[in-house]
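Read through the structure below, which is laid out as structure tokens, and then see the notes.
Naming follows writing order (A, B, C, D and E), and every chain is counted from residue 1.
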Amino acid sequence: AESLYTPNLAYRTGPFAATGIPLMNGQADYMTLLNERDGGIGGVAIDFEECETGYSTEKGVECYEKTKGKAIVTQPWSTGITLQVLPKTNVDEIPILAPGYGFSPMADGKVFQWAFNVPSGYWDAADMIVQYLEQDGSLDGKKIAFLHLDHPYGKEPLPLLEKLAAEKGFELLPIPVGLKEMQNQSAQWLQIRRERPDNVVMWGWGAMNAGAITEAVKTKYPMENFIGVWWAGHDADLKLVGEEGAGYKSISWSFPNPEAPVMQEIKEMVFDAGLSQSNEEEMQGVFYGRGIVMSMILAEAIRGAQENFGTAEIDATQLRWGLENLNITEERLEELGMAGMVPPFSTSCANHTGHSGGWMLEWDGSKFVKVSDLLTPNVDGYSDLIASAAADYATANAPWAMNEECSATN
Amino acid sequence: MLDAARTDETLLEVNNIEVIYNHVILVLKGVSLTVKKGGITALLGGNGAGKTTTLKAISNLLHSERGEVTKGSILYQGERVQDLDPAALVKRGVIQVMEGRHCFAHLTVEENLLTGAYTRKDGKAAIEQDLEMVYSYFPRLKERRKSQAGYTSGGEQQMTAIGRALMSRPETVLLDEPSMGLAPQLVEQIFEIVKSVNENEGVSFLLAEQNTNVALRYAHQGYILESGRVVMDGPAAELRENPDVKEFYLGMSDDGRKSFRDVRSYRRRKRWLA
Amino acid sequence: MFADIFINPWVDMVEAPDFLMQVLWEGLVSGILYALIALGFVLIFRSSRIFNFAQGIMVVFAALTLVGLFAMGIPAWISVGLTLVVMFVLAVTIERVVLRPLVGQPDIILFMATIGITLFLIGFGETIFGGENKVMITEELGIPTGDTVLEPFGGLLILQHLDITVVVVATLLVLALLAFLNYTQMGRAIRALGDDHQAALSVGISLQTIWVLVWFIAGIIALVTGIAWGARAGVSFALEVIAYKALPVLMLGGLESITGAIVGGLMIGILEKLFEIYWGQPLLGGNTETWFAFVLALIVLLFRPQGLFGERIIERV
Amino acid sequence: MLYRTAGQFKTSYVADQALFPVRQDAFLLGILLVFGWVIFPLTASEFTFQTLLIPILIYALAAMGLNILTGFAGQLSLGTGAFMGVGAYACYKMVTIFPELNPIVAILLSGFFSAGIGVVFGIPSLRIKGFYLAIATLAAQFFLVWLFEKWAWLYNYNASGAIQVPNLEMFGIFVSGPQAASVTEYYIVLFVVTLLTILCINLTRGNLGRTWKATRDMDIAAELIGINLMKSKLTAFAISSYIVGVAGALYVFMWKGAAEPNVFDIPLSFQVLFIAIIGGLGSIMGNYLGAILIVGLPVVLNVIAGTQVFQMSALSAFILIALVAAIGFLSWVARSGWAIGAVIGFAVLTLIYGYAQTQGFRIDSALIEHINVMIIGGLIIFFLIIEPHGLNQLWRLIREKLIIWPFPH
Amino acid sequence: MKDTEGYVTADGRQIGGTLMEMKNITLRFGGVVAIQDISFDIREGEVRAIIGPNGAGKSSMLNVISGFYTPSEGEVWYKGQKRPPMKPFEVARQGVARTFQNIALFEGMTVLDNVMTGRLTHMTAGVASQALWWGKARNEEMENREKVERVIDFLEIQNIRKTPVGRLPYGLKKRVELARALAAEPSLLLLDEPMAGMNVEEKEDMSRFVLDVNDEFGTTICLIEHDMGVVMDLSDRVVVMDYGKKIGDGTPEEVRNNQDVIDAYLGVPH
């Protein structure tokens, strides 16, 4: 092949497009940069084709089937699609790259030999949020509301949160938001007003975030007690309320750095050359920056695999090796011109997540700023949970091919 | 009978039209007729002969039944009207009373009548006056003016439909089976009303009727339709005397009217066209 | 269990009357917002028996057009005017391209056609406006923001000025529509048209004119609705799903009734909020708002098959 | 003259009641069966199985179920998706509780659960009619999807809240789950669909079918001539929901492999309704035609959009031929200038796009998707206008024309 | 008051005992009194007519007989028994068939299917048998098809057997409706204006059908008609209604000369 085919099951349409677009733009622009600047990776161009899913699982599967012939990786881009293609990839032997989303037990590389949710998973996020809250004192006896999309994605962290609630003695109050009620959350916020939780943790996506944030402002919920997962930290959602949203937080494993050299290069070689669909404002944002990091992770895996196998035209299995042997260090980030945009992390055959950790970001009224040092998840606290959930999955889907060579330590 | 009211000015002219339903069903196979100004023209023929279709073709109501005029032309006062929409035709004074009492079921009888005046611009008073006129023609309607038309009896609905047409102060009325389902008294009464409207207001009528007997008594001119073709036409008085018409449409044979009970053999319909 | 269902909720209500008032107010406002969408439906249904599924997307489309025009640097009120022009063009186009060729077809076919319109508008709208969430130009339109905080019973009741405005505007809109339908010649024609297309045609009521008019009015209502919803939750295609919320409102109130739309909207808005807060969340795991309205409407229909204010179904042979 | 019926006389009622009184029809059907059972499975690629063949069959089956209710019995339903869900969840529970159960049996049994639920939600139809009835089905739609979400027992308390199809074997071959080969899944789907189609054809041409149609066309009259409306409507709900439920089980077990509750939400119901209506309400074959159009078209559009049209001279020639054929056909059948214009416009745009592609023009996937959505919306309207009674009616019209061809009437 | 003996008609036919008897029927719709305290009987084998001006309540009376309206007051006796409140379909299953004033055919079905629906009450095959098109369902279908073909033949609508009724002209539809009612082999046949919208020739045909049904199958017929010629010629006894009240009842001869009837309905002596 004269190029490496790394399709992206993108969604720039549908009810979740608002949050999808900046991410897709970031991803695409980084790959374009590599193609423009270096002629691809290791001399081969990257064919970063997008297949539109509209966040619909059905279309997602169609895209997967359509692209899997040539693809060396699949990026399903929604927890629903990920769950659906997960068993298929295990048979088709194509790695899934799901940065920051998907099924948390995918961290177990022994069971999920083809799936990667680098650099951090949802359980990591939940753990870090709880850690952050603990910084202000014990959580014992406190009440934490968990406002989430009533959808596999929103329910993902529940097992861990329940476990932490039992351990740390806080009361967990799950509040679901239906897909059709995303824009009309007054009932949920009335409940929050009634229950007076000390904190609200949000697992929202798409239009739900904007709805929740405006509703929080309306009901005068103290913004500083309101924390979202990394998908609930989109600049545009906060701009809706502007100043009034100040204090809102979001955990994130990425941070935009408009001054970073890579950004300058993208600006010059991609944006100014008219090869980008993004715009200046969007490029400052958290999500665009995160998109860039995602593509960087894929690019690094490809590069690693190329070097290891001594061939530029790697295949899916070789890429899996690359994804299992990522080692993104401070130095490497520096070289890539991306210092500070993602915490350093590394993966292994057994650890498909990397558990990079992240920062707590806070909306200051006009943009997100870092308000914490690097938080790292306490993975040991729930590695059992990961292992047992992964094992359950394997049993339910027997016969399930596993990577027996891996030692089970994370 | 009423030949005095007849003028020779042609109001409506239908030239050799062909109508196809649903792209395949050919119903009218070349129908031509003329309606004289100030006259009453009757369109006669058995079931399915194409009377309703002819009237709908004239008033441009075929479209919504997936029918279309594929050949021929229709002229009203010398102008082609085929491509007008029905509303425009009403504005020119042509209104149709449809077969089967199409009333607005949820509107009251009075509101039904008022919709007839929709295209009129001559003010409330005039409309009010015409409403009274309609009520004087059909006192039964006045009694039921406040009931929803959907709940009135068949005959009442028929009166409502005719009254509604008169409310538009038409120049020409296309009446489709006005006598259907009406009590005998009322049939005469409706034809009397047609006659008096025709004589007093100079309104021309084209009426499709099964009740040949009555129709030919009140009409000036008649056309007989069979299977989508005009098979006979002429002044009503002449048609009444035609032996074929007598036998097949008036139910009279040489020895006068027979009892329905005595018709012991089925009549074989005589076909003008094979 | 018994107490949870039959006693505790009432106790909760009495114990925190300010909270109850807030719940009722939120219910009222959502109810009005549902009713606004339902109004557009009703008008079109009345005049053509078309169950216009596209009303929801028309709301999005109107709001996006407004915001989009404003983003091009056109002053807010001129944008509103231009949006109305766009809605008019839309009405004309729909009438010409979709409705006219389908005159006289069964209800379900027309219903389907409006779903076709919905899809088309989604694709068309996203092509033009993109999928990003946009901010409604609330302040630029001079719509009051901010809130009034009352303290009944020593508690707390927050009234958004925006919501108050919506309630007032919606009320005016409804009164105007009622007057239009019941006291004008055009209004009568609209009602007649709903009963019998053919007969309406035969008395000279022009389908074209009335349909364009009705769809245009529905477009205006859509714009008002779009501004109201957009100011609360931003403008994006996700708004389209709120159209589903109008369905039970319509059925409960009666498909042909303006009054029904309002009463149905308020009933559903308030009751579903009360149910969710006092029963749904504590007992059923929450999120009952997704179905409560439908089940409520269903129960009411079992007793009144034409809805509370709908026209009696005339059954005769 | 191709389609001559002359010379084919019926001498007994049995012959007259035969499924295909006209020889040519039986012949055509034979060809279709050969394609379905032999040619497709031998030639299709994985992609074709997964994005065209299997989904088309499943959707056609679901639409057939809906058609029984809406097209034959006249009860509008917007809750098909949820009833499919009931079938899928029932099947999931059965195979996880009784792992020994034969998968095909499980699929066929799961329909009974949705039939039961369908009857419960059908009871209001005795009082509520027309669009108002839609509310009952919508209540089912939203309530059931909510239940799939909340009732963790249904999805075996999976953390994700989704159901995941296990690998199931039959006679030593994997028939469902990720290990199953597409062709196996296809044959199972084809078998079930063929079986249910035959049953449906029989039901709809017999007594029950007439009862339903009478209820649909004029329920008052139906009751006055002795039809028990309650029985008629409830059997329609039951049988329709049964088929829909089986389709739902196939949908998850033979195609998707996993499903979260909102898969069964209202867009699915609408998708199936589209198919039933575009195919033709009150027809059996129409469902297949509708499914081919609604399911197949987006896939084909996507493929075309992704290919460099002009580099593939075969494809561009094909488009030209299709264009000429479509215009000729439309002017023959529909005589609608409007429709012909639309087709020409569409073809011209395709050709321009193809040309632009050779000049290095690529539109991004989102735009393609937007355009796809527009085209599908437009096509729905287009077909409704050309023939409101669906593709099936269009086909009948063509037949009628063929029978009298070459005479115009 | 009941003379079960029956009577002999002018043309010498023997009429049997009472088949149906309406006792003091009153029917109200909100404020409207459609039928006010009417009693009359229908005897086996006779042709009974109901006449009266428009809006008199004739169709409503027919609807009461066929169970579509439940009378506000009064009793319906059928075959010697008081009829409890029942659904229309149960009435139909007791052998009462009817046609409608505004044609109520199943427009989406062919003529044959429409007529076949008339036989639904005689068919009992289960769902499974029908689905498999085997056994009882198939046999039943054939048997009933034969009966239906006989009716179709009788009413001379063979050539339109396979036509969807939506396309038929009015008169033929009326005939199909009659066929559907006849197919049920009813003991009482109710006809609501069967000849409206027909010309003389067609009325003659229809009259023949009605009389032949009465003759050949001995079916009792109750008909509403506005054509006095038809009514007077066909019927054995006539009920006259006006404004919901009964103003006359008797043989055509008696009715024709009844002054109330002349005033309210006939206008001039016919």
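Going forward, a residue touches a chain if its C-beta (ideal position, glycine included) is under 8 Å from a C-beta of that chain, and two chains touch if they have at least 3 such contacts.
Please read these numbers as outputs of a predicted model, since none were measured by experiment.
Undergrad: Applying the touch definition from the top, give me the chains sitting in contact with each of subunit A and subunit D.
TA: C
Undergrad: Could you compare the number of C-beta pairs in contact for A-C with that for B-D and name the larger?
TA: A-C is joined by more C-beta pairs in contact.
Undergrad: Which one of the chains is farthest from subunit C, going by Cα centres?
TA: Centroid comparison gives E as the farthest chain from subunit C.
Undergrad: Farthest from subunit B by Cα centre, which chain is it? Let me know.
TA: Farthest from subunit B by mean C-alpha position: A.
Undergrad: Roughly how far is subunit A from subunit B, going centre to centre by Cα mean, in whole Å?
TA: For subunit A versus subunit B, the centre distance works out to 75 Å.
Undergrad: Whole-Å distance, subunit C centre to subunit D centre, using C-alpha means?
TA: 32
Undergrad: Using CA atom averages as chain centres, what separation in Å is found between subunit C and subunit E?
TA: Once rounded, the distance between the two centres reads 49 Å.
Undergrad: Quick one: report the Å distance separating subunit B from subunit C, using the average Cα coordinate of each chain.
TA: Chain centroid spacing, subunit B to subunit C, equals 44 Å.
Undergrad: What positions in subunit B touch 2 or more of the other chains?
TA: Those would be 151.
Undergrad: Specify, in ascending order, the residues of subunit A that touch 2 or more different other chains.
TA: Where subunit A meets two or more other chains at a single residue, that happens at 12-13, 17, 150, 176, 178-179.
Undergrad: Which positions in subunit E touch two or more other chains at once?
TA: 59, 68, 100-102, 104
Undergrad: Give the list of subunit D residues in touch with subunit B in this complex.
TA: 333-335, 397, 400-401, 404, 409
Undergrad: Provide the residue numbers of subunit E that touch subunit D in the complex, in ascending order.
TA: Interface residues on subunit E, with respect to subunit D: 66-68, 87-89, 92-93, 97-98, 100, 104-109, 113, 116-118, 120-121, 123, 125, 127, 130-133, 137, 140-142, 145-146, 149, 180-181, 184.
Undergrad: Which residues, counting only subunit A, touch subunit D once they are in their complex?
TA: For this pair, the touching residues of subunit A are 10, 12-13, 17, 49-52, 54, 56-58, 61-62, 65-66, 69, 79-80, 83-84, 87-88, 90-91, 103, 105, 150-152, 155-156, 158-159, 176, 178-179, 277, 389, 393, 396-399.
Undergrad: State the interface residues of subunit B toward subunit E in the complex, per the touch definition above.
TA: 21, 25, 44-49, 99-101, 140, 144, 147, 151-156, 158-159, 177, 180-188, 210-213, 248-251, 257, 259-263, 266-267, 269
Undergrad: For the complex, which residues does subunit D have touching subunit E?
TA: By the definition above, subunit D touches subunit E via 13-14, 17, 199, 202-203, 206-208, 210-211, 213-214, 216-218, 220-229, 235, 239, 282.
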